[in-house]
Amino acid sequence: MQLRTILERLARGEIGLEEAEKLIRSWEVRRLGETLKLDLGREVRMGLPEVILAQWKGEEDLRKAISGALEARGRALVSRISEGQIPIIEEFEREYHVRRSPNARVYVIRRRDLPSSQPKGKVGIIAAGTSDVPIAEEVRLMVEEGGCSTVRAYDAGVANLKRTLDAVADVVEEGADVIVAIAGMEGSLPSVVASLVDTLVIGLPTSVGYGMGGGGEAALLSMLQSCAPGLVVVNIDNSVAAAYAAISVCRR
Amino acid sequence: MQLRTILERLARGEIGLEEAEKLIRSWEVRRLGETLKLDLGREVRMGLPEVILAQWKGEEDLRKAISGALEARGRALVSRISEGQIPIIEEFEREYHVRRSPNARVYVIRRRDLPSSQPKGKVGIIAAGTSDVPIAEEVRLMVEEGGCSTVRAYDAGVANLKRTLDAVADVVEEGADVIVAIAGMEGSLPSVVASLVDTLVIGLPTSVGYGMGGGGEAALLSMLQSCAPGLVVVNIDNSVAAAYAAISVCRR
Amino acid sequence: MQLRTILERLARGEIGLEEAEKLIRSWEVRRLGETLKLDLGREVRMGLPEVILAQWKGEEDLRKAISGALEARGRALVSRISEGQIPIIEEFEREYHVRRSPNARVYVIRRRDLPSSQPKGKVGIIAAGTSDVPIAEEVRLMVEEGGCSTVRAYDAGVANLKRTLDAVADVVEEGADVIVAIAGMEGSLPSVVASLVDTLVIGLPTSVGYGMGGGGEAALLSMLQSCAPGLVVVNIDNSVAAAYAAISVCRR
Amino acid sequence: MQLRTILERLARGEIGLEEAEKLIRSWEVRRLGETLKLDLGREVRMGLPEVILAQWKGEEDLRKAISGALEARGRALVSRISEGQIPIIEEFEREYHVRRSPNARVYVIRRRDLPSSQPKGKVGIIAAGTSDVPIAEEVRLMVEEGGCSTVRAYDAGVANLKRTLDAVADVVEEGADVIVAIAGMEGSLPSVVASLVDTLVIGLPTSVGYGMGGGGEAALLSMLQSCAPGLVVVNIDNSVAAAYAAISVCRR
Amino acid sequence: MQLRTILERLARGEIGLEEAEKLIRSWEVRRLGETLKLDLGREVRMGLPEVILAQWKGEEDLRKAISGALEARGRALVSRISEGQIPIIEEFEREYHVRRSPNARVYVIRRRDLPSSQPKGKVGIIAAGTSDVPIAEEVRLMVEEGGCSTVRAYDAGVANLKRTLDAVADVVEEGADVIVAIAGMEGSLPSVVASLVDTLVIGLPTSVGYGMGGGGEAALLSMLQSCAPGLVVVNIDNSVAAAYAAISVCRR
Amino acid sequence: MQLRTILERLARGEIGLEEAEKLIRSWEVRRLGETLKLDLGREVRMGLPEVILAQWKGEEDLRKAISGALEARGRALVSRISEGQIPIIEEFEREYHVRRSPNARVYVIRRRDLPSSQPKGKVGIIAAGTSDVPIAEEVRLMVEEGGCSTVRAYDAGVANLKRTLDAVADVVEEGADVIVAIAGMEGSLPSVVASLVDTLVIGLPTSVGYGMGGGGEAALLSMLQSCAPGLVVVNIDNSVAAAYAAISVCRR
Amino acid sequence: MQLRTILERLARGEIGLEEAEKLIRSWEVRRLGETLKLDLGREVRMGLPEVILAQWKGEEDLRKAISGALEARGRALVSRISEGQIPIIEEFEREYHVRRSPNARVYVIRRRDLPSSQPKGKVGIIAAGTSDVPIAEEVRLMVEEGGCSTVRAYDAGVANLKRTLDAVADVVEEGADVIVAIAGMEGSLPSVVASLVDTLVIGLPTSVGYGMGGGGEAALLSMLQSCAPGLVVVNIDNSVAAAYAAISVCRR
Amino acid sequence: MQLRTILERLARGEIGLEEAEKLIRSWEVRRLGETLKLDLGREVRMGLPEVILAQWKGEEDLRKAISGALEARGRALVSRISEGQIPIIEEFEREYHVRRSPNARVYVIRRRDLPSSQPKGKVGIIAAGTSDVPIAEEVRLMVEEGGCSTVRAYDAGVANLKRTLDAVADVVEEGADVIVAIAGMEGSLPSVVASLVDTLVIGLPTSVGYGMGGGGEAALLSMLQSCAPGLVVVNIDNSVAAAYAAISVCRR
């Protein structure tokens, strides 16, 4: 509803002040002290709650953000957890269920009795090398929390094209609605995938690679330059952005 | 169908050699002399034929590519036409229908009797400044050729937030399935749009902007760094990539 | 007073040699050994003493710089303190009052009996995310030491536009003379703030953000490219520059 | 006035629907066809109307934008006019008064009977080399249109420090409220100026310079890295941003 | 022969002064005026004469370099000829035979009676897009002048993987000793080629591509980052380097 | 054999389904759990097995990859081992033979009874400084595993040209079929080497160097820009790529 | 003489006001209208007058700067003259003597009766390729104007090491006090020169080179990274800086 | 003496084989095992022995390099010593005299009885901030080892111009033959110094500075772009290059 409509209705008495404000403020925010506000409306809009970015957060802020999310929604998603921050997660493990994946830096903390939603849509996840698997698993975790099912094919880089073709075939046969294609180094996998399928492909470069163009730069640039149709890109290692995008396509 | 299945069926005589080869070669290619091959299968897979990149093509190659596409499919899409190449397009104007938009560099050349398909899905197109309109119109042209309807809102940059909010409201009310958000300079528009909607937003940076970060660099980086959920990115001025992606979402 | 005037007055005997030299040397400097000189005149000119940059300083030099400032002016401001340098600050805590903020790297060390000046002017401080708060608090600390009052609004990034609009409204209502707008990642906040207010906005990018354009690069470039009127920029994480600039506007 | 207050007043009948909408829509926008909207509210907020960016605009759009601004406000400011666009300006010269400066790319087009406002505040403009003068003059033109008086000192670069010291003395003696310091090449001038004055200094790098760090890059970076207190920065050649910022300080 | 050996032999009288000097000076150089020296020894060492770089050369210097090469060896290879320099080449066309390829910037000028050498080894040349063909043809021209035969497969980019696989199969079946794989844009072709063959692959990125990573940057970086075995790289558009390298492998 | 031929033979019954599939799937892959697949065919194609990239791999994945390679082929090559990963290698030392070189990060783990192949071809390895020796030794180790003999000349940088000339003479006299020239800092060595020999030179920049252009950037760029004939390049510190390339030339 | 001394002497009456001011103002400046000041003192200090940078100067400013210099000193040096500015130089040719070199962009305009000074010191100038000669000649012209003699050796790049060694030997035998070594592309020449001589070597990179690291970037970085002793650097194409530096060494 | 002359003399019997070889091999090299060669001739040519670069060297190589230098020449200079390598230096402290400076990373190890040479020429060393002092002291140490005397002025940055002017006056009055001007951050000091003196100024940027242009980038670029006459540049933190250059000027 647009602002004008809301105002007209308010002026005509069709809705009350409360209602009007609520409509305008549909992006609900919970204030946690001076420095922290939770965007509680995002779960409604996007199917996935706001993901808490652990990096750059002090210990107290991180703990407070997780508690707030758990109280408000029963679950908290946290990304880019560092080694030193893991104990903070573990504090919650006594009371809550914690989902994670080896070497991945995304954690999901859930109330043990929180029901799972019925999956809607399917996301294909193809990763180029073993080193890209942690990022791929982060996507999987979040996409599943967002209410989609997944189909995976890992270690499918173009340095052995046979692996790539098999992976694409597997994912297509499973009926993926959208594919997240993950690669570091030369970043050619998403181009090859997008040249073979008719769904949207979300290219997710990883920071794997050294020398000039390393740290994901060559991979990202190569994906941006791709001539393959239907390929879009998110930033290096940004599994959160890839997951939100994949969910938003699946949920339609 | 996977390779193995095809081979098994061939061996069991369920399909003939012709059929097997056709299945494997489902990406049909037409050879136009030594240096040019048309990817004719793409229209089937993606809903939009291969877009011919005019820049870097010699005169003869460009003319040949357009003719080939027209003969094979009845229409040709050409991107990044330079001033000097416009006469080549105009040669086709006698016989064919040519669609274009002011200052835009994408041209659509169609057989006059080619039927239009029934639109499927709707793409919202929001552009930040007047200077971004040519790129926005390129997206619109291609998306419509790809069989989707469009809703536009231009000159909606965040330097006047009122314009932005109106634009988003208009596009959302029209029921867009996916939004292409276009901006040069600081590139903040797609972030603001993505923070307000629940559909996929495709950020398309333009080369508008001077000084450090100019030519679209700041816009692209800002979109890549965005915290707004559901935002993906294509390269600077790459209206072709944005159009393919939008179509692939709409056509599902 | 210009050089020529001083010389003429000296020649005419209107001022003495002492006076002449003092006028020319109005930027007083105190020499602390071979490698360190304090710019004592800056407090007079700018309202805020020279801020001591701790990073890259050896232990002895840092200790000497702080002592010198305390003796000369009764207070010392130190920026970019590393973990390893905190004990040096703590040595002064027995005798002096130390002000700091969680996770921030600026420290103020004051003689306990040093009087506070009457605040003059008000600085608005708006920060995009929780991760930007330490830098925001550094600005606040220094601005207050510089004799201005402050009004804060944190966690106000554009990924939830509602928070942004509330923050701007709060700061404007409090009558801020100048606003420091702080953001990492996509750095869109200062553009949106500057589009809504009529005061000078100082954009302060932070090093929050990973992947391409991370570490504050995208944020800085986006601010430099902004079309919003009245927006100027300082370097990434440079709370000192932002504070000096804000004070110089407030003190007029 | 904040949204809540407006809504309450509307609900209490203290203001009418018209009034409420007007308050919320205080950033007035005039729609000029499909692709162009003028931000008419900016003049009220900032003292200077929206500056029309000529670069990247087609002929028709530029002409329309100027006409619209002239009709609405009686004057139009245009920046980054190219050689080829000058005839469009000249069309307006018959009927309107056009202000410009040699080699500068900003033009002011005014209704001949438009009254000048009483100047408020004074802006110092110091430029390093003769090559920086066009950009300096662009600042002067806009700052004067914004209702401030100016004092200039040009060709004052640090390669001859004597010139720099004289320039600063001149500008300070004239009582500038804020200084715009303009330099290309090594960009040291703003640092030296800021080390000598107690007002805000706006560093404006120009694209003068060749080789590595040329085109204004070294100048901008050097200004961003400056230790001099009270120095803020705008982008390379961005005289518009510098002018808005200077005006916003002067008008307080 | 090493320096010491030469000296010993000279001292023992086994070789004369003439001989000694000739051995040491085996890299023969012909001086053409003050500013130009031809490396005549290179043809002996590498099989291909020094290629004259036309770009950055004045008219007189270019003419002199070509004449000198023709007199000394009967042929001249010139690279990166600009539009404006073509008339200089055409002056030689009356007397000499000129080889060229459409849109390519390498020209071979030969004495009409200069015999062709028996080809030795075969170079495969695979190019991704029509826009890469001019660079590919430059490689072909020089490689053939260097005494190798060639097999070509153009328009074989990975955006249609079928084309790529066919091209590799063709080139491998023809028994190429070394493959030059040419691509702009995302530059994935050489990685895919190198993953399929057992010969050395020389990746040659072209300056085709716009937006971030355009002009060949993404292509070059992607090739440098490739995990495919047996892939080496030369600089963007550097057909000369690719040709020398291919010849040096074939001639073994 | 091409796809079509295989299909025809299959249809004609000349080869069985098994055979057809095997031919098409000639790039054999061994699946080790969900996240890891070994490219076992590479040893056949390239003479050197797939090199396991240790960096970015978790402990379990690294251990599994090594075991898998040892079981399948009797040897495992591992690159970019970090300090923390060395204990994993040492676990294998009880049962297997481990080859390494001081400060180098490549390890070869071999079954003690694995026979060595007869060397074929010779690779020259020239390194500029002592700091480049570890990378040079990595090349030597892998090249020898790939079945080539080597000749080395280290500490041969151009800062003392005498050393360079001696090194080149030594390597040429030993009859190297291809030369790997290794340098950090200014990276001039490969240019000088390539100007003196008639074999292919593979320039391998190292990450040695600080300041602007440090970390190997200047070295890589200088090699890419080289005018010396017959020089190709691999990425910074990428001894694996250099080794594969050298082997592929030697094995012809 | 230091400020204090001057002031004391003035106060003691040892020098008059005139004298004092003259001493302090020893950097004489002549004002030419509003936007131009000539640094007339530089010729006294450096032996070479201020060089007028033509690029970015408007026609009128350039003409005025030349006239001013000619009147004040009898000669004018102008750098980076564009094609379009040459007629301005030619205007002076009737009355003055103009020195120039083919393809070079530095011009010297002299009063016909201006005496030449006795040369003092000798500058060696070594250039790598024919394309670098124009920049080399610019250095020569200015160095000779600065009162030094020169010895040249051109087309001496390391792609043919023989040429390099000869060039160095020639320049050393002539007794150069300082050497300017000029190279584009890979920029290895200055490193090799500096490794062979015991005088200061000034590396001057040129903008010759294409692809990554082109335009002089690789050359500059390689010179900055050089391990050769006694090598310093100026910016790309900056013949003016190289000339001033060479003169300042020679004149000692 | 040139090669030809040597050969002629050898052939005429004027010099023996020994002599000839010695002349050609005047750059004496001592081989220390397989991976290390000392350039012993450099001390003769440059007045300062080869400086050993500790960074990137293994423990054994570093120890061997120091021992070798001490045996051959009685002293060893080592640069860029890391914390972890200091114990290696300390091993030598029992037997040798070690010179160092606080926080600096250059060490001089000397035989206790090694005589000092008579100083020749004087080097001025001006440093901008306290953080730049360690690099400045590295220059001083090496320049003194190279046989020149020094005059220092530290903490003289342009943020307090008074300090800068005093420093320059001090250094000029002491009669410096060449000045090394050291600065991080904005790097303006060398420009200001060079504008005030008539000797060569060697700009030495340091890695002091954070944010965009930090780590010395802005400082280096600003120095490269400087309009001040007589300024040359070495790389960031490269005290070794600055010292060699200063010595080579002083020793003339």
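Order as written gives the chain letters A, B, C, D, E, F, G and H; numbering starts at 1 within each chain.
The criterion applied here is as follows: contacts are C-beta pairs under 8 Å (C-beta built on N, C-alpha and C of every residue); 3 or more make two chains touch, one makes a residue touch a chain.
No experiment lies behind these values; they were computed from the predicted model shown.
The two copies, chain E and chain G, are related by a rotation of 90°, based on C-alpha atoms and rounded to the nearest 5. Listed options D-H, C-H or E-F contain a single repeat of the B-E interface, assigned here to C-H, on the basis that more than half of the contact pairs agree by residue number. Chain centres computed from CA atoms place G at the largest separation from chain A.
Between D-H and B-D, more C-beta contact pairs are found at D-H. Distance from the chain F centre to the chain H centre is 37 Å, each centre being the mean of its Cα atoms.
Inter-chain spacing, taken between the CA centroids of chain G and chain H, is 25 Å. Note on chain placement: the centre of chain D and the centre of chain F lie 58 Å apart, centres being C-alpha means.
Touching two or more other chains at once are residues 3, 42, 129, 159-161, 211-214, 217, 220, 224-226, 229, 235, 238 of chain C. Chain A contributes residues 2-3, 42, 45-46, 48, 50, 165, 169, 173, 177, 197-200, 202, 220, 224-226, 229-235, 238, 241, 244-245, 247-249, 252 to its touches with chain B in the complex. Interface of chain B with chain C (complex): residues 129, 157-161, 185-188, 191-192, 195-196, 209, 211-214, 217-229. Chain contact summary for the complex, chain H toward chain F: residues 25, 27, 29, 34-37, 39, 41-42, 53, 55-58, 60-61, 65, 80, 207, 216-217, 220, 235-238.
Every residue of chain D that touches chain G in the complex is listed here, in rising order: 102-103, 129-131, 133-134, 152, 154-156, 159-163, 184, 208, 210-214.
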